[in-house]
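Chain naming follows the written order as A, B, C, D and E, and within any one chain the residues start at number 1.
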């Protein structure tokens, strides 16, 4: 129900700048995910939006109204904290009703809204419990319920699932996705460390690094066409293999000479001046496959294998400049043995190249909502 | 260098029984992983082996000697705690040297061993630091180093990686694997919640539930031939799809009628008496694929899709008795859309059936070390 | 260091010193526990100095703010000093009845009888029942205080043309005169921290002696007449009439209970004076402002007797400290002998604040005229009575009597106050 | 209220200002009484009871009395007998505004006026304190005439009180005695309590729960009732072995005994909160309980040890009762509180001594407190918060 | 002086050293008697077990001994005394208790003590809390805290001196030297004799203890406050709660446990404190409290041991409920 506009939002603690001018437009009803390495400022940005931190520069608009000085409770937001932040001394019911009670809303109305939220989150039977008598997943749902009851225009989540164990995490993730669906007009902003969450939930992902926005785009966009080396390595797990290389021939398709090895033609355009420059060459582990032929993009000895059941991670020492072995994600049943020499190939469409500054040669398209 | 024999080991706190008679043989040099749901007694079992808890029943042998009453320091074990348990007021060096100093060992020898361990774990530059000045991963390595220095016969790890973030976790996991390799004669027992750790590190996995051993076997064995419903659902992520079914025809291959749907022939033998009984029918999400034909094992509307990049999780509502949608892990590029009707098939070799008690119809073979 | 060099000053009986030298107590030590602290401690030490110098005994003198509790703890627990010097006969009586004191010999008793002014009353004062109920002489009086004194500033009287009153009636007339002149006649302060209330008891005792026979007074202190006997209630009433008359007392009635007794004489010396008269014992002069010369900047007169009871003569209320032996030893006995010598009194007399009823001392040893006059009053007293509250059991004399005084100036009726005190007396019987 | 509003946007200036104001208010109330005695201890003995300490910073109008020069100093001038002089020892040190010749009316005449005292006697006192006292007949008597005047007095402070107290005989010795009592009486209970607390928190032995219960129960024993039984015991022991019953050892143990329940209570709850894995880890490393205690627990318990040390130090240092009962009052044993107490007159308080000694006794604890304060706050955090 | 310092140091070293020597020596002895290092496996195991049996008692032995002598023995002897007369010679059965029930002063003290028990812990805790919350927000908070903590470093007797000076009374119209009356007078009020105002004087005495103990409460509560997860407060801010609502509805309930601990500690202290009453009023003007009453009966005016002991026993019984609560609490928490 609300759109957000961030215009060179800055935040500093004393002389330490945390956010260096963030520009971002969020449409009404969008599901935005912030990702980035630890300490990059995700939480700070989210808390600035919530009004828990005063921003030190720029403007923040919610529904086209500057809210820099509006207190949190008047911004029409609700926030789910990483640590749940449930009031430990209140029952689930009271936790959810607290905000409305504070606002002196009608008793019956409070009851109606709380029960409705509890219904959605399957918490009805637990309404009289204290948080400590609930499991992690249930607590998380209470925290979400508390936010729902406020009926906010903007929903903020700060790593809501990071404290849950694997199974619960999957289940709760799906619940959040469904929640979003049931509230199509509510804008949601979600911070996470977890790739899977980001990929599955986001309409658009905002990749942050050191208080700067690195790239904004739909999950598939970021995965397929990372704007720079950082995004390329940050999105996807295991991370993309990056190798030093040189442009052998620039043009509509680029001839890339991988350091000390074969050269390959990549269907990405490079400007004429690029020829001969040092670049980085990237390929995702899951795009590699065992070459049937005798010639292949990479060849090396298998250094180590991790069998994960359905897939296996194969670490191949390709000798050359690479300080790390090449990682390949191969089907679990592929017969690979340690020490064996392996030839790996990838489709040319799955290759990535980045210039010396780390920028992708594919200019990333205008940020668009994923289909 | 040491083998362990557990014979109906029991542990009770007062009247509450935690371990209900654990039998287990661990060979010298094996890498054993305990897994199981939270609270099942993994830590208790590990701590009993360490001698930190007195067992209340059964016998525990290390190197064919009953050690029930032997204090921890005399059992030849070393333990790495989930919380590191570093001595906060001692430097890294002193942390590692503490045990040997207590044993009044020769100064020079202490120094040699500490430096050697530090070398292995790349901690040499940090020897003079206090734990608080180190990152999580480094601390964990110190904890491991402390254990190495003791030169134990048995190494015990209690969820050593659970406090680390994803990237560090992967890195440390590999380090532990390499450590094991460098100490082929040391027995290692490792507790974890994490599937990937269990699968990649273990020679054999012990699945515990409520203080009982559910199954012991190599990772592949557990994955491919789970002994019972619990193990089937516990190992693998997302969990195996389980559907109620009936045995249509027993025999060398079994005809299974999935509730309210098609029937399928499974190459698993069932006793004659089984015909007509209620059973559970299981198939792993990753074993499902989109059927090319018009007839398939399952057919249903796509309820929800999670796009993970290289793969996608597709939740299919197959209507029948199943209270949960069927989960399928399909390649990321498979064109699936929400609401579309999808037909899913699986190879008959990938199907699992369990009797009414949850036991697998494949009697799990004698526990053997995985190749 | 001896304060006065032996043999050099004719005010002292140096013969005593030579006599004392004959007693050999080398290597003996004598522990003395007394009430004197601060400046008084320096004074008592100056006396003790002569004893240890002459006999060679080592003296350990100690005191404590809570000396009353301290001596109970020490004697009760079996680690008493050799000598305990206490100002409260009631407390000594308690100790004696528990068998914690060593009796003095009869010679000492007869010495007191013969050589002290109003000797028999001092002997009576030092005689208590021991554990078995036999009366023995336990306490030797050393150092006395004169309580029946009214302090005033002569020049304040002069400027206003007031005369020192000769009778109680005159004194009350003077009080009214002062009120009429726009002044306040009395400063009364009952405050004394944990002992708050005791200055009131002195008033009452003085009034008792001026309205009742000494025998009645004695009966009163032994509770042979009840506390709420009309004789006592009458005395309480007279005091109450003064202390609760807002025109009579400085600061109003509320100030009486609250003002510390040490502060209250200071009202005499302010400009303009807050009050003109202050009834308090001889020791109070040490709380006068620095540099006040007795006889000039401040003076006293005897708290006059009542015309209405002219038959009672000029009774004197006093106090004093009593020396008891709590742990016998040769040195302890020798010390008591020492105290019988005039020298032991003269040394202190010659410095300040010491009165003695011992008749054999040389009066010229008194440091000043004022002290000498006080000494005269003491030695020549027709009736001398010891502070009544100190004679009563501690629970009364240092408890409910004090509290009663507070209640009395707080406006409670004398009858009710007396009845309360009697009740508490009954409770300890 | 605390952290949140500090950070939340749009908090008003007045909100924050109010917090500062409120804290200032509390701090003022809490320190004012102490400041009062500090100031008082620096004032003149007679002034203390004459005016409030807060007035001592400003000049004040005071009425006082003084004497003119005695008749012996009279001179004859113009046929009159005249006495001249100045009311002040240092003329001009304050200004006379009025004077009088009767105490009841000390400000009868304005400064500079000539007062007619009947019979031709006149007195003139000027603002600077100089006076002329004249009479047609010769003055007689020994003493000068008393006059009264009102004058503004400048603030006056003195360190006399401190001189009196600090230079009094034996104070240094008492200081040492106090330290001799206090240091072991602080350290010994810490050691004993630390070992006991460790045992109660981390060792298994029968009767442990009961012991904990008893120790908590003993927290409430009023100290006074223990005095006599203990002193009897001391005397008994002293007589038995022919040693004095009042010794330093005796008072150390007494303070140890009285401080022990609280020490064990505090230390135990702190130690119980240490991570169990540390002890287990050390146990696996082969450390005995003694080694675990000395090498792991003790260093880690430093904060709580410091906080208990402060409590115990304060208590022992400020104690008078126990010292009087269990320690002799001879010169080589009298503690500081006892010595200061003895400085007070036999009949109790002199304000100047009371305030000065109160302030002197505070100094050492304050030093101790401020040097250990960092640990104190942390120690209590871990120590007692757990109990809830 | 130098030799005095030296002898003081020697005495201190001997005292502290003796204590150290015991623990070190006893431990050494156990190690010698039951060696665990350098002996064969099973012997070492057995010796370790024996060590485990002996060592707790080595550790706790001195504490038990000292507690026994210095606290338990006196408690028992006090209990016995309470059945004897004042000299402790004649058994009088329950007479002392009977007397106590009928004693008006006792009833009065009991009532006053009840007031103390309600007011002082509550006031200390409340003020401590407020100050802790306020000082947490400002840059000079630590300084403020130190100043408020300062009275704790002052002895009770010193504190009494200080407060006598605050409450000092001079007649109406005169210059007040007590600051409280000076303030009252400055505002045109009547100066009061604070410590003798019936009923209210109790509160003026309580203020002294409150003044001393608030710092203690503040320090502990302030660290508890810091333990409150900040997110719960932020969540409340987002929920629209104002500072007061946050304080009462979010912060207080979360540190309730600590509040109770502080409350108990101060309660116990209140029951034991007598110095303040003794030096300020000695129980006059109806301000008596049990501890001072006990002291009076035990030591004043010759002392009545039986009655003093009886009051001591009553005090201890009075604390029983708090004790039990604490013991429960201690058993619940940590260790192993």
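Basically, a residue touches a chain if its C-beta (ideal position, glycine included) is under 8 Å from a C-beta of that chain, and two chains touch if they have at least 3 such contacts.
Model, not experiment: these values are computed from the prediction.
Enquirer: Of the other chains, whose C-alpha centre is the longest way from the centre of chain D?
Expert: If we average the C-alpha coordinates per chain, B ends up farthest from chain D.
Enquirer: Give the chain pair that accounts for the most C-beta pairs in contact.
Expert: Highest contact count among chain pairs: D-E.
Enquirer: On a CA-centroid basis, which chain has its centre farthest from chain A's?
Expert: Of all chains, C has its centre farthest from that of chain A.
Enquirer: Of all the chains, which has the CA centre nearest the overall CA centre?
Expert: Answer for the innermost chain: E.
Enquirer: Would you kindly tell me how far, in whole Å, the mean C-alpha position of chain D lies from that of chain C?
Expert: Those two chain centres are 31 Å apart.
Enquirer: Indicate the whole-number Å distance between the mean C-alpha point of chain A and the mean C-alpha point of chain B.
Expert: From the centre of chain A to the centre of chain B is 28 Å.
Enquirer: Centroid from C-alpha atoms only, then distance chain A to chain E, rounded to Å. What do you get?
Expert: Each chain's C-alpha centroid was found; their separation is 56 Å.
Enquirer: Compute the distance, rounded to whole Å, between the mean C-alpha positions of chain B and chain D.
Expert: 67
Enquirer: For chain C, write out the residues touching at least two other chains, lowest number first.
Expert: Counting only residues that touch two or more other chains, chain C contributes 66, 73, 76, 193, 195.
Enquirer: Going by the contact rule already set, what residues in chain A reach two or more other chains?
Expert: In chain A, 51-52, 71-72 touch at least two other chains.
Enquirer: Considering chain D alone, which of its residues make contact with at least two other chains?
Expert: 4, 8, 49-50, 228, 230, 320, 349
Enquirer: In the complex, go through chain D and note every residue touching chain B.
Expert: 275, 277-278, 280-287, 291, 295-296, 299-300
Enquirer: Flag every residue of chain B that touches chain A in the complex, lowest number first.
Expert: Interface residues on chain B, with respect to chain A: 38, 165-166, 170, 174, 177, 193-196, 199-200, 219-220, 223, 235-239, 284, 286, 304, 306-310, 313, 315, 329.
Enquirer: State the interface residues of chain D toward chain C in the complex, per the touch definition above.
Expert: 45-46, 49-50, 63-65, 101-106, 143, 146, 148, 227-228, 230-232, 234-236, 238, 245-246, 320-321, 324-325, 328-330, 334, 338, 341-350, 353
Enquirer: Along chain E, where are the residues that touch chain B in the complex?
Expert: Answer in residue numbers: 37, 41, 44-45, 48-49, 52.
Enquirer: Quick check on the complex: what are the chain D residues that touch chain E?
Expert: Going by the criterion above, the answer is residues 1-6, 8, 15-16, 19-20, 22-23, 26-27, 30-34, 36-37, 40, 48-54, 172-173, 176-177, 179-180, 183-184, 187-188, 191-193, 195-196, 198-205, 208-209, 211-226, 228-230, 233, 248-249, 252-254, 256-258, 260-261, 264-265, 268-269, 271-273, 276, 288-290, 293, 314, 317-320, 337, 349, 351, 354-355, 358, 361-362, 365-366, 369-370, 373, 376-378, 380-381, 384-388.
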